[in-house]
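Each structure below appears as structure tokens.
Paired with subunit B in one complex and with subunit C in the other, subunit A is shared by the two complexes that follow.
Presenting the complex of A and B:
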């Protein structure tokens, strides 16, 4: 063996070092980047083109599947909850200083229809302004009674359980009821309000 | 809904999810809060805040389709763009941004959005689009993003082979931050590629002597020293190459290469004794590293140069054996990767609900493959390819679930149709029997009769049955012939009858007004009930007319969507296998390169060994 090996090794190492740099838009795992750079530049470009072509296919498919999901979502809703009997119940929170939501129990006309336990992630999404559709139902036109029981931690991290009730009139179209948890600053207590949306 | 809710503009929300710095910026953004005015929009936000982008996008698209977002039309559209981007649907996101960012958004937010888009496109290999997005940035970005953007821009130029432009871009970079040092490093590398080693050496040497205050900079210093050392070796400056190579940490990701390089620098200067010192150190290290593999050849090479022929031969034999075993392991790994199961293991343990741009595989599955491929994780191409593979797996599972659901919906619809067909004759029969028009006529007749009674003050007409019978009895008694006799008893009875008749009439006349009011009230209620019944009847008629049409419409949708799902599923499956093949080709290509290197080393070892045997044989012959 001669010194040609040395220059071979030097060239290889130099190529590695350069390619490491090429990966370094952001700091990366250096060892991983080092070995990843073994492939030659020409094949890199070819591979990038191949990736791009595949990525474009994936993008098209994502669009199609999202559109399909939209259509299926609407179909499911119309099929299971036709507009003339549909009632949706939403939970929302405003501020949430005095109440940490654990669960909500919903009764319609004396019958329990939903009992939802919130994860920390969901409760956080509610505090940040998200609105959760906790239950969908089909109800006849006329008067119905809704009772919602909220469980969680109240002021001073004490166990807290409060109810709210409303009698609502279900008309011909879809009806939305929002169960809103707000802070009553004066009393330093949470407040539970039920609002109707048509 | 949510009075006083601090919901900033949707794009700020999206930007806020990009990282802590941006979150602070978004929080400092003093714009007026947006009040959630529609529960459907709030529902989208519920999923968005949980970073469940797929359900959030689906709900937003559905609400848009049903025109339920009128109060949030603009921000809804921008939020959709942001979520598309987070979900890795960057082409669609860009379309929205191009359409909306021009006028609707504050310039700083628009510029930041273009920057993030450029970053995603760079990572996905859309260099032209990335460059274009950077060109849309009009104002100065915040300092940290500005540095990153410049790095991105120069990196794009380096990737495109336009080194001079990259050098020009980076030359004016004066910062002292980490980004500035990375820029310097990249500039040095670009100069080496142009053959301007002396200029590169100044930059890399500067970096190689920096005093690092964190792991990243320590790593960068090692890389700079390594790059400089090998650039100088390549340039024939072995003596100069030693210093930077010796500055690389002894224990670190670049130490093996550095030790190998130091050895070669000494060997170049014919100092094989010294060369053996770093190379012998490499013997105890992991054979997966190419530098360690190469040291297995370098050691006997140096020994041969030092006339330790027999030791050299032993080392060559050891190297051939080690390379053979390693090659076999590589072959087995390649076989396993080509079997197809390997990439499913990547995403198997990962929950499929958080697909999108931010997902990153941090650890490879256990096994031989992980040993060989761990460095691939750091490459954009492999990571982005895996993301696509994972997203496609999610899409496939999603379609699979819908396929089952749609079948159930089809059955449900058929059952409903049957139940409807069964009930319809009974309902029609009942409706035919219910003479609503007759009831209305009767009600009108009652009204008329009552009017007459009122007009004629016919108090007897409103008497109860018992009162009426009593009245009849009394008037009947009046006409009894016996009472016509002129006797005192008859007079007494006639007086009693008159009294009774008078009392009854008095009572009836007294109650007349009250009874008339009650009957009118009952009639009015009957009229209202009749109107409600007529309305219900019209609704029933309308439902009977529309229900078959609704069934048809739903059937068309259910049965139309089923083949759409099937068709898309096939295409997703096809894309999955193409994506898998692409990842396989990267992984197998990487392993083949390692194998090829081992093959070359093996051939070199065999040649060297043959040469040693030749020398030994010649020496033997000569001594005989």
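Presenting the complex of A and C:
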């Protein structure tokens, strides 16, 4: 009987000591959790900063690549088309009511040098005042013959094909020629003119 | 000597297999082109920048092309509204034959005519069909030579992953 009483008392003591220990541990756990949360927050903000700086690096690198690309392009043009022998051909369009441009074929001295197909967007851009550099070449000084053949839809949406020819003198220095498509209102027909830029 | 020969043959096989598996065009910017389409309009690849574009080179005399085109059309109609475009490039000398086949198959994607074979040269087309996948940035990402049943699953996975980028 006394043994049973002693063992019961021992168990009660043990239970009390466990609950006290648990009470002691609880505040310790809360502190640890708070510290962990704070360190997680700090590491998160650190990684965000790192990401931001990485993003900036990428943007800078992108800009440098674009600049390099532009410089290379200009250098290539200067090397391939030196100013002295350079000839450039431009296409422009005024109104465009009697002609829907489909393609332009350019021949210099009987040799085909460009054949450009215009999409609806590109043709629209020309009507809105855009000028398209259709071809660039190197030519010797002297006389050269240019033949431009325009295809598209003419008045009453009929297939239309017209040519324009010019003999131009290539002197020293760059030469620019504009192939202009205009509307001749009186005849209700398109007109194709080649102009030399001064 | 025999060992040398067999090593050489093995190297040749490995090289041939690797060249078939991946094309030199992958990772390169897709060469730009403009061609007349079946609708009569001229279409230019660079105007599709921002979309995932599949370019499918085909010919009327190519059996696998006939098999593949309706499946490609399904992909086109399914993903067109989320930024996917498909340009079929026909390389026949006579575009009328191509038009007839398009009518027969009832495909809805735009078909362009490369009778002068200029575009197929740009894309190094040496077999039929050739299917090229171009990403939103205008870069060639996948090139498939030929067609076998089941390739459409591969196309589907690649299109979906490129659309997600």
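Simple rule for what comes next: the second predicted complex is superposed on the first by the 127 of 198 C-alpha atoms of A that agree within 3 Å, B and C clash if a C-alpha of one lies under 4 Å from a C-alpha of the other, contacts with A are read in each partner's own complex, and residues count from 1 in each chain.
Just so we're on the same page, a contact is a pair of C-beta atoms (placed from the backbone, for glycine too) under 8 Å apart; a residue touches a chain by one contact, two chains touch by 3 or more.
In this text the structure is predicted, and so the values were computed from the model without any measurement.
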Which superposed partner A:176 touches (first subunit B, second subunit C, both, neither): first
Touching partner for A:103 - first (subunit B), second (subunit C), both, neither: second
Which superposed partner A:120 touches (first subunit B, second subunit C, both, neither): second
Subunit B versus subunit C as contact partner of A:193, first or second or both or neither: neither
Partner, of subunit C and subunit B, that touches more residues belonging to subunit A: B
Which of subunit B and subunit C A:72 touches, first, second, both or neither: first
Touching partner for A:185 - first (subunit B), second (subunit C), both, neither: neither
Those residues of subunit A which subunit B touches in one complex and subunit C touches in the other: 121-122
Residues of subunit A touching subunit B in the complex: 1, 3, 5-7, 9-14, 16-18, 20-36, 38-39, 43, 47-48, 50-52, 54-59, 61-79, 88, 90, 92, 94-95, 121-122, 124-126, 128-133, 176, 178, 180, 195, 197
Residues on subunit C engaged by subunit A in the complex (per definition of touch): 34-36, 41-44, 47
Of all residues in subunit B, those that touch subunit A in their complex: 1-7, 36, 39, 41-43, 45-50, 54, 57-59, 61-62, 65-66, 87-92, 122, 124-126, 148, 151-152, 155, 158-159, 178, 182, 185-186, 188-189, 192-193, 216, 219-220, 222-223, 226-227, 230-231, 233-234, 253-254, 257, 260-261, 264, 267-268, 290, 294, 297-298, 301, 304, 374-382, 384-385, 388, 391-392, 395, 398-399, 402, 405-406, 409, 412-413, 554, 557-558, 561, 564-565, 568, 571-572, 575, 578-579, 582, 585-586, 589-590, 593-594, 604, 607-608, 611
Subunit C-facing residues of subunit A, complex: 102-103, 116-122
